[in-house]
Amino acid sequence: MYSIFESEVRIRPDDIDVNNHVHSSRYMDYVLAARYDQMENNYKMSMKEFLEKNLTWVISDVHLSFKRELKLEDKIVTVRTQIAEVGAAQARVNFWILKKENGKEAATGYFLYTLVSTVSGRPVRIPPEIVEKYSI
Amino acid sequence: MYSIFESEVRIRPDDIDVNNHVHSSRYMDYVLAARYDQMENNYKMSMKEFLEKNLTWVISDVHLSFKRELKLEDKIVTVRTQIAEVGAAQARVNFWILKKENGKEAATGYFLYTLVSTVSGRPVRIPPEIVEKYSI
Amino acid sequence: MYSIFESEVRIRPDDIDVNNHVHSSRYMDYVLAARYDQMENNYKMSMKEFLEKNLTWVISDVHLSFKRELKLEDKIVTVRTQIAEVGAAQARVNFWILKKENGKEAATGYFLYTLVSTVSGRPVRIPPEIVEKYSI
Amino acid sequence: MYSIFESEVRIRPDDIDVNNHVHSSRYMDYVLAARYDQMENNYKMSMKEFLEKNLTWVISDVHLSFKRELKLEDKIVTVRTQIAEVGAAQARVNFWILKKENGKEAATGYFLYTLVSTVSGRPVRIPPEIVEKYSI
């Protein structure tokens, strides 16, 4: 079983759309912001360190289920993520976006990431030391 | 069988991210831009007309599969959409994002939309005249 | 002399552009986010309360001077704002965007806001009770 | 006297903000999109070619005057730009954002650009061949 980590993201005025709600694509940005934060602070290997090893995580698939609208007044969302599965070159990460104030779910879903060599541009097997870092 | 419609979207410098590619969440924005365009020009009922009837389409689910990176040099994407299924209050729309220059797929996926009353905030049965407009 | 207030804004991955820096237009978004925050928490009259009185602040002029690039690694910016001048229907607000870690200036400038009636769409004289709230 | 060039930019749903208008910072993005387009098509030296010579244009100052709100229904804006002045390491570019449909001004202003070496990170004198390209 993998750990669940969480980050807070503050809703910005420029995230709000024509319907007075957080624009749907910004939910993805909130998860990506949380992932950057958690890579560095929880998994102890920041995106920068991956790039220094000529590796990068590329998004292959995204699934988002929207549960509740977010407004500017909701102010802060809590983004929880948990690794669901680590394969040869891919890792699936589940996420939950909650309103911080009351813990209600705004969206859930997953991201399927593929580890890619920045040199060849091709998927690479996740090295054992990274599998280990991600096994917490 | 439902018709396939297509719209062109020009890639903007502010869509490009830290990896020199179109940021993943912008793919959603491209599909949404194409939908607005096609609602008005192909289905002959713009989002504005829905709002005037106290109705709006809310996104319930999104699935995106990324196939190829997009760069600023790709300039223009062609976004094709096709209704896959119309239910009581929901419509599923498949999409394909292609590089205009060579027709290569950059991403595919679907949006599940729910018709919602802007008065009650609750899902409503899709009226027959809208089902008909969407049956082309 | 008007008070200087400050807010923190976290840099998000989707703010980063093709040059690996915060995209220039995001600096405006950071100031706008800080203003919303300070209207509510420092001036004790949120944008929502203005709208409830059929008033809104519209941006008439913006000036931005860029001093230093911001990167994702800078993580958090401090946005300071200070009212410079309150006229009949307009208020000029100076701002400073600083890197939180070392206090170095990333940008400075001002926003000229006009108070507008949401009913008539026209500028209105700033009511005395608002002038007072802004005189701290 | 320098030439005026123009580009069209389509307003996207994700550009619209909480007030149902194009968000103020997006005006900057529209000008930047027009500049990329005009560098390539009018000045015949794309940003990519600058980067290949280890040069880049950095924005030093921006001034925006907002004249009229833009809505999604305005669909397309025309962005005109004209070089106002070319100095040792800097170029000032005036811009006008117009509603395509009726030619009415939505915003005007200028960008002050500085030519910077991507190797040293410092301003460099604009080479004569670039001054010439920009003298049309």
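Note that the chains are named A, B, C and D in the order they appear, and that numbering of residues resets to 1 at the start of each chain.
Assume a residue touches a chain if its C-beta (ideal position, glycine included) is under 8 Å from a C-beta of that chain, and two chains touch if they have at least 3 such contacts.
Nothing here was measured: the structure is a model prediction, and the numbers come from that model.
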Using the touch definition up top, find the fewest steps from subunit A to subunit C. 1
When B-D and B-C are ranked by contacting C-beta pairs, first place goes to B-D
What's the farthest chain from subunit B if centres are computed as the mean of the Cα atoms? C
Answer with same or different: of all residue numbers used at the interface between subunit A and subunit B, are over half used by both copies? same
Length of the line joining the C-alpha centres of subunit B and subunit C, rounded to whole Å: 33
In whole angstrom, the CA-centroid distance of subunit A from subunit B equals 23
Just how far, in Å, is the C-alpha centre of subunit D from the one of subunit B? 29
Touching two or more other chains, which residues of subunit C qualify? 13-14, 25, 29, 32, 72
What pattern do the touching chains form: line, ring, star, complete or other? complete
Interfacial residue positions of subunit D with respect to subunit B in the complex: 9-10, 12-14, 29, 32-33, 36, 48, 72-73
Under the definition above, what is the set of subunit C residues touching subunit D in their complex? 19, 24-26, 28-29, 32, 56, 58-66
Listed in rising order, subunit A residues that touch subunit D in their complex are 13-14, 16-18, 20, 23, 25, 72
